[in-house]
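Just passing along the structure, written as structure tokens.
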Amino acid sequence: MSRDIKREHIAKRVGMELADGMVVNLGIGMPTLVANFLPAGVDVLFQSENGFVGLGPAPSAGQQDKDVTNAGGQPVTILPGGACFDSAMSFAIIRGGHVDVTVLGALEVDERGNLANWMVPGKIVPGMGGAMDLTVGARKVIVAMEHTAKGMPKILRQCTLPLTAKAQVDLIVTDMAVIEVTKEGLVLREVAPDTTVQAVIEATEATLIVKDVAVMPV
Amino acid sequence: MSRDIKREHIAKRVGMELADGMVVNLGIGMPTLVANFLPAGVDVLFQSENGFVGLGPAPSAGQQDKDVTNAGGQPVTILPGGACFDSAMSFAIIRGGHVDVTVLGALEVDERGNLANWMVPGKIVPGMGGAMDLTVGARKVIVAMEHTAKGMPKILRQCTLPLTAKAQVDLIVTDMAVIEVTKEGLVLREVAPDTTVQAVIEATEATLIVKDVAVMPV
Amino acid sequence: MPSKITTAAAALAALQDDMTIMIGGFLCVGTPEGLVEEVLRKGTKDLTVIGSDTSFPERGIGKLIVAKRVKKVMASHIGTNPETGRQMHAGETEVVLVPQGTLAERVRAAGAGLGGVLTPTGVGTVVEEGKQKIAVDGREFLLEKPLAADFALIKAHKADEKGNLVYRRAARNFNPLMAMAAKIVVAEVEQIVPVGAIDPDEVMTPGLFVTYVVKEAVHEPGH
Amino acid sequence: MPSKITTAAAALAALQDDMTIMIGGFLCVGTPEGLVEEVLRKGTKDLTVIGSDTSFPERGIGKLIVAKRVKKVMASHIGTNPETGRQMHAGETEVVLVPQGTLAERVRAAGAGLGGVLTPTGVGTVVEEGKQKIAVDGREFLLEKPLAADFALIKAHKADEKGNLVYRRAARNFNPLMAMAAKIVVAEVEQIVPVGAIDPDEVMTPGLFVTYVVKEAVHEPGH
């Protein structure tokens, strides 16, 4: 399976977590793809932490507005019914629990729902941007990522990189599986049709609670 | 001297403390009169803590706007160049030191610049409204009041009523005198033309530092 | 998405005795009178009410006080409604006086997910009683905690069907803050316009905060 | 009142080495490029710069970083400007990373006269190092202190001669917050309109916060 198709499957599965009327913030990179895979009849309001809600698709060529970009700096549009605000309001929305779902990438995630996605000491230190606020503030935190990186597990017993937030992740969606973070630990909910429970367990460092596993709809 | 003329003199003298371009908040009651006695060439921006700057005079009959009142609930106008905001911004302006001068009435004021103007326990408890924020936040706090109440001093060694704020008053302007609050204590700066230093001292419970007293221009 | 436009009765259907409600307005400028009327009509009682002031006896929050529906009120000013003072002194209603700027920040803090703010306002006064004092860089501040509510009853000038709100002049006051701080936010508005008619830069409260929009009743002459 | 409209050079005349400046914008959307150019032209150095991010090497704050004018930078993100990371790892420039929402609240707190705010963001991460942790009603928060500056260099869409500002779309971001938090606030604007042309309800930053207004230079083709 090509990487693009993997990413598409992940985005599609994350899309199924969204319900009509939700306020949703999609992280930079792969999470952005989720906007392309909303189930029929589901109309969500996308929040862009640089200062608006009602984030729409990229504009057609020549229609770019220098003042309308997403949090990654790409030209986007604002849909009718959207609203602009300053950074204090943007993060009041985020920190105050007014975002229903945030979808973020991860370098590592662990058994207690800890997330590391903002730096590799001595290597890349891009900064946390809005990720720490989003992870702490959003009602539901979904990590969307490939299950492994260069064959190494990313779902660990305990994160080794500096944390983005402690015990905030609710759901992990990868190309191989859907895993729920519960008080008891990580529960394997779904496995992709092209793999097996055993393969997922092997690709995961963390302990998985396995019971009534469904096939991941992709 | 009639009470109205006394109040007019106080307002006129307070007006002399205002300079061009200042942001000024006038308390309810007598301080409001200050707006009528700005020196020539002095254009100040009046802030109204219910949510705007650019407070203008009362509208002519029939021109009232239900949404434009001052902090006392009276119909007013908003001058060109004014701006409206919410209560958080209004008090950010006040608490954040962006109001140059506030003029407030007082029940009591004392040697350390303590002010009491919001309640008389068991009798009147109207509430502090915005007075505590104004007193703490404005760069200069001017108390404008009659020197005595029913013949009793209002400028005390120590306030007896619950305080509005601790050590925040900078200047006291009354019908008898202008008194500056300094680290050394209350300094008598000016005495009204119709009274004497001795009479001011007698009408004041607090100790006054007397040196180079000028005649209060009214 | 289903429309947010409904009636006052439907919007307040979940309101129950003993709940905490915020009511926008400053001396009843920017107060949703129609929603207050609906609370009266429903008979809801033992409310905790948070507002700038208790208005006048015959308007806004004042009417709820007079009708004895309020168990506790948190406000910065009660002087314009003598009945509030009477009930307070008679021990019939609990009154908590909060400096107006502190009230604004406490409501905002709840909406913004902050654990509190440090303010210099009230230091050295009775307001500091029972509160934690924290020194920051040599200056003392009071730790003021967030104030949230079950319902916020707010007033706006204009709304679209997604609940985006625009306020007018001094009628803005506490309304945008309360819109952030309650589980159910009901906005009474003077005008409802189609989605897209309010420019994104003109929106003062994004619709995501607003649960229901109710059109202000136009009182016919003689009513 | 004297007009606030002036040139970039006059507005930044008091800017000196070692000062702290805030610069508005998010990935250079809403950044006053003309004012940044003037800082470069003046040769001011050893600046402490506060901004959302360090932009790109050839734009906004990024240019000041590349020109080695910055002693210390406080931002939420430096990933789009590799030179910031290089200077940080080489020990040439001090970089303090602040979560974006915390940065917004810290700037706002300075402008609003608060001693700080309590945020849940960063609890359990390196962000909590050196900070006071305060429990409120059983939950832990970090005490985040106000951030003020000598200068704020901001960008707006429209200004009147009293300095009232209107921002456009996502170019608003940190600009209104920084406008509240600096001793001298300079706004670079795309349009200047007469007093009265901006409705009081449309104003996003009241002119009282703004020291100077500078008209954005229109770059002729070929420049």
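We call the chains A, B, C and D, going by the order they appear; numbering starts again at 1 in every chain.
Simple rule for what comes next: a contact is a pair of C-beta atoms (placed from the backbone, for glycine too) under 8 Å apart; a residue touches a chain by one contact, two chains touch by 3 or more.
Note that the structure is a prediction, hence the values are computed from the model and not measured.
The minimal number of chain-to-chain contact steps leading from subunit A to subunit C is 1. Looking at A-D and B-D side by side, the one with more C-beta contacts is A-D. Averaging C-alpha coordinates per chain places the centre of subunit B 29 Å away from that of subunit C.
Distance between subunit C and subunit D, defined via averaged C-alpha coordinates, is recorded as 33 Å. Per-chain Cα centroids separate subunit B from subunit D by 35 Å. Under the contact definition stated at the top, the residues of subunit A that touch 2 or more other chains are 52, 78, 84-85, 88, 91, 94-95, 136-137.
Within subunit C, residues 105, 108, 112-114, 119-120, 167-169, 172, 200-201 each touch two or more of the remaining chains. Screening every pair of chains for touch gives A-C, A-D, B-C, B-D, C-D. Residues of subunit C touching subunit D in their complex: 105, 109, 112-120, 132, 134, 136-137, 139, 141, 143, 145, 166-169, 172, 200-202.
On subunit D, the positions that touch subunit A within their shared complex are 26-27, 29-30, 52-53, 75-80, 85, 88-89, 95, 97, 99-105, 107-108, 119-127, 157, 167-177, 204. Residue ranges of subunit A in contact with subunit C, taken from their complex: 20-21, 23, 43, 45, 47, 52-54, 78, 80-85, 88-89, 91-98, 136-137.
By the touch criterion given at the top, residues 48-52, 65-69, 71-73, 78, 84-88, 90-91, 94-95, 114, 122, 124-133, 136-137, 162-167 of subunit B touch subunit C in their complex. Across the complex, subunit C meets subunit A through its residues 1-2, 108, 110-114, 160-162, 164, 180, 195-196, 200-201, 203, 206-209.
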